[in-house]
Amino acid sequence: MIKAGIVGGTGYTGVELLRLLAAHPGVEVVAITSRAEAGRRVDELFPNLRGVYDLKFTVPDVAELGACDVVFFATPHNVAMNTVPELLRLGTRVIDLSADFRLRDAELWSQWYGEPHACPEVIEQAVYGLPEVYREQIATAQLVACAGCYPTSVQLGLLPLLQAGVADPTYLVANAASGVSGAGRQGKLDNILSEAADSFKAYAVAGHRHLPEIEQELTRAAGESVQLTFVPHLLPIIRGIHATLYTKVAKDVDVQQLFEDFYRDEPFVDVLPAGQLPQTRSVRGANVCRLAVARPQDRDVVVVMSVIDNLVKGASGQAIQALNIMFGQPETAGLANVALLP
Amino acid sequence: MIKAGIVGGTGYTGVELLRLLAAHPGVEVVAITSRAEAGRRVDELFPNLRGVYDLKFTVPDVAELGACDVVFFATPHNVAMNTVPELLRLGTRVIDLSADFRLRDAELWSQWYGEPHACPEVIEQAVYGLPEVYREQIATAQLVACAGCYPTSVQLGLLPLLQAGVADPTYLVANAASGVSGAGRQGKLDNILSEAADSFKAYAVAGHRHLPEIEQELTRAAGESVQLTFVPHLLPIIRGIHATLYTKVAKDVDVQQLFEDFYRDEPFVDVLPAGQLPQTRSVRGANVCRLAVARPQDRDVVVVMSVIDNLVKGASGQAIQALNIMFGQPETAGLANVALLP
Amino acid sequence: MIKAGIVGGTGYTGVELLRLLAAHPGVEVVAITSRAEAGRRVDELFPNLRGVYDLKFTVPDVAELGACDVVFFATPHNVAMNTVPELLRLGTRVIDLSADFRLRDAELWSQWYGEPHACPEVIEQAVYGLPEVYREQIATAQLVACAGCYPTSVQLGLLPLLQAGVADPTYLVANAASGVSGAGRQGKLDNILSEAADSFKAYAVAGHRHLPEIEQELTRAAGESVQLTFVPHLLPIIRGIHATLYTKVAKDVDVQQLFEDFYRDEPFVDVLPAGQLPQTRSVRGANVCRLAVARPQDRDVVVVMSVIDNLVKGASGQAIQALNIMFGQPETAGLANVALLP
Amino acid sequence: MIKAGIVGGTGYTGVELLRLLAAHPGVEVVAITSRAEAGRRVDELFPNLRGVYDLKFTVPDVAELGACDVVFFATPHNVAMNTVPELLRLGTRVIDLSADFRLRDAELWSQWYGEPHACPEVIEQAVYGLPEVYREQIATAQLVACAGCYPTSVQLGLLPLLQAGVADPTYLVANAASGVSGAGRQGKLDNILSEAADSFKAYAVAGHRHLPEIEQELTRAAGESVQLTFVPHLLPIIRGIHATLYTKVAKDVDVQQLFEDFYRDEPFVDVLPAGQLPQTRSVRGANVCRLAVARPQDRDVVVVMSVIDNLVKGASGQAIQALNIMFGQPETAGLANVALLP
């Protein structure tokens, strides 16, 4: 059994790790930390876990965590980077669900996150946790920086086009929308039901922190600098990201075929048959990205629709997928559950 | 023009007062206070008011408020009671939407609100703001303590039965459910969309602060002590209260006729035709309580269904109705808008 | 492998059977029928099943179904009763999720369902599919009539009180609320989002078809005739039933202890610790009933709160639980998934 | 008093006309038709209208309608065009909320609506009902073809840019999302709460009927052919459209100033201050379009966000605005209500 620890277990990615790992035959969660809730039973906070776990939150302790085979950081940014170096020295492998090690440029990180990076020297050890691109590197990584939720949905939708030279990299549009769980488990006025339900809005139009992450990775894929206009929106739903991606056609190919070929062997990317369109509920609770591609009226614009569950393929599921790759488990272990529909 | 002030204008009952008073031909809002937002335009917080008001929030100031003909307190409990005595001395009339003056027994108030009442001597001046019961007293009141939201829905549903001796006062059940706006405009974890949407639960089963208020008033109506089992629930909707009320039949009467007669002349209580059942959306945004009464299978239990918009007939609309009565305005002034359906 | 067929696979209980059985190690779905969708791939209707099943809908055929070890009827009422007798003759075991065999009195059935029962002689073979009561009989049953969704939630909440003589059987109140999926997968005006969202209402107050089913079973449990006032409500959520049950205390016992003892060995009934209250999301997608019991202000009324997922413990999960009992599988096989929260 | 008739009063635009006209001092609704509901009281279908109207639905009758000063068609497409010619001959003015007279090219209409146009010769009499563009022509029009809901939101957002030569007309993107009420008041499976809630999807990517309407009008505004990629999405909300519009900057101007100047005198278009973003709830129930314009990271893409209530500024409110212009009423008559927030 792989012994796993979870730092920051009171958030949504924490409870989601627990939910999914309960079905994983090869992993045992031995520690889950929370300063605020230390001593409290996990199932008191998350009643869906009653009868499933007998764990209590503990104060984070490097020795305890260092005794794990792998530690997940299910924390806001600016937490992992303060502890990860020590865990790496102890030989523990780390899967960070936060943004701390996603950007390869510490300067850029500082710029977007408003503070210096705590361990810029560790960044280059980090492998970017998008298995569809970095599977081999993840296998041997000691530190995986899981891709963000928006970035996962946008990259999986644009990569086939960029790598095939079909998209115009100088003008990409990602119109994305996320459920409220993307904002975390915290009492923020903007996210209370009376404010967020029965409404829809764009936010962070001036610049969202996921933009540099996406541009960094798309630039690598395209082999040239890309420019993305990224507008996130807040959906009055709990889980789910829907990205609608637009690009001018730079080369005339059968885009449906392109996508099917590109993702043929991927266990967690599902290209829908031509004419079908994805909906977020079709991935609710499941570690899958469903994609559709269209070229309306045979004009010169390609539209890609990409859906994921932000907490699963956009976070905890993807983290477990990385774990499976790192530890030689079947890649689908613990991730076989069917999406909840309706 | 009646000059009105609003204390605590950043909550939902504040913005609702502004929305409704914008259509009132006889009232002008001259001051709206908020310590936290002083100096900020009202329509910056509430974009629905853009182009309607040119007001800014100000720090509460007794002199400014005292210059108003009437001051609404749209505040949490324990605010009004600290300022109201001074305003009354200045001759300003006060309509308190909070719980500070609803209970006639200061001792009981302390018990349920966990602190001493700041001005027990003022309580007896307060008229309970349920116009269907206290219309005459409201007309001449200097201080009106608006009925709470749950209490309004429950009382309007049970009063006809209790006054006619049809209900058994020793065992009344009020199973009530409220939209999330009833919890106010504040970032509480329990109320974020990811926690409250697509779910339903009871809360405060051990005892909700509206219980003593309801029992106080029902006891007066019944002329004897009543015992109510009151279980509130949280609905994943924005506005609306639905109360389902149960009582054993103590006397055999035509309950449909009873209700129609009882509320015949009330402008804001609507008894539905036999067979129709109310839904909360039928009162969304409107100052009306819709009621249905039934006696399933002709057994000996009467069920009443009562719906209001908690922010309108349960708060701000009822407060304006009180103002109309106090100042000799038509009782429906500013309250004629039709509920928003769908 | 147990070979299972599903009749009526296009409804919500059909897709839910497929979702849950995908994780069942001992069952293989070999046939799924739908007249309307015959020939179409199952995953075209239910995209959450893409990559999980390779099935197509077929026209119902008794020979094909008769070759199964077990056949589920996931149909509206008045379908199963026309085919079940023949399947029973063929030796196939049947688990009926519909209402056709729940009432033991064919006359009563006719009265509530408005048509004669097609095979009254078969009714007495049917075992009522509530494992917590009829586990032994289910084990050997050839025909199981799964308990309805509301009836499951209400019975599990009232049984401990009635069997212990704590409840007054002459005046029970069940105030229940169900998500819209309870109305099935069909385009009914009342259930479109624009009509049902952001609203709440009671319905069928004059008499709901689940009433005689509940009274039949509670009467057996109590050993005397019970009278239940049952008022269902429509919740603007997808899944979930919440029942709030009221009874006068007939005998003074520790109700918390009573419930804990009563359900100690039940794998799918969870009595919450005193003070905690259940919410429907805590059972979303999971085969569990969570219960809380309270006696507010130590008065003489007991309140029970009971939540289930209407499609799981209220339908398809319960059906699989019955299958497990019938075929000697571990009772939790295929039913171990954790509820989806948030 | 202007006598108004409404054809097709059982849909959402019908009840919305009634709700808004109840507050219009100069209009009286004298007839409302519905074949299916003839003889039934209007407030039986729409309980929000109880106490407001004493109308019953009648079978459509040209003589009765012809006696009105103005007739609204609140019908699906392919209804108005069969009756309008006769009404025009009788001298009645017509405001058509449907799509029958929006396209100036009967051929194009046939192509998108799949049947021949019933009265192509009448099309040229129709004035396109977008007051911000055609106010003068509306004033004297006998037939107004109200702009569609998506088209209103998209045009109001793009017109300033196109007329000023700021947008590149060869590659415009309109990523739009609508609440479910946009699909009308009908029991369609796709729109029931269990299917549409807690989810999000694109639809009609291959071609939506509003596309030719938008391109027709934008082409006129731009003075050259425009190409729009228009992708509609279904929001799990009741009312509201949010359009996010993208264009490459063709000319360097202060876009905030451009928008403020462009709409300075418009009573129902609200350009938000720089930095604020619109949300659909800020226009819930109100006849207003709120706009924000941004140029993220000072790159060469302009993003416009545009929100309307699809039933008000996208339908019934806009129709009343047209009526006001046609009949010399103040343009805001009946349209002064404040949006319902929260």
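Labels A, B, C and D are assigned to the chains in the order they are written; within every chain, residues are numbered from 1.
Please note the rule applied: contacts are C-beta pairs under 8 Å (C-beta built on N, C-alpha and C of every residue); 3 or more make two chains touch, one makes a residue touch a chain.
Each chain and its UniProt protein: A, B, C, D = N-acetyl-gamma-glutamyl-phosphate reductase.
Just so it is clear, the model here is predicted, and its values are computed rather than measured.
With contact taken as defined at the outset, chain B and chain C are each touched by A, D.
Following the contact convention of this document, A, C is the list of chains adjacent to both chain B and chain D.
The chain with its CA mean position farthest from that of chain B is A. A straight line joining the Cα centres of chain A and chain D is 39 Å long.
Taking each chain's centre as the mean of its C-alpha atoms, chain A lies 36 Å from chain C. Chain A and chain B, compared by their mean Cα positions, are separated by 45 Å.
The residues of chain C that reach two or more other chains are 12, 181, 185, 194-195, 197-198, 236-239, 278-279, 281, 284, 342, listed in rising order. The part of chain C that touches chain D in the complex is made up of residues 12, 179-181, 183, 185-198, 236-238.
Those residues of chain B that touch chain C in the complex are listed here as 171, 173, 175, 177, 194-195, 197-203, 205-207, 227, 229-231, 233, 235-240, 242, 244, 246, 248, 275, 277-281, 284, 292, 294, 296-297, 299, 301, 303, 305, 307, 342. Here chain C touches chain A in the complex through residues 12, 15, 18-19, 22-23, 44, 46-52, 181, 185, 197-198, 238-239, 270, 272, 276, 278-279, 281-286, 288, 290, 311, 336-342, going by the rule given at the top.
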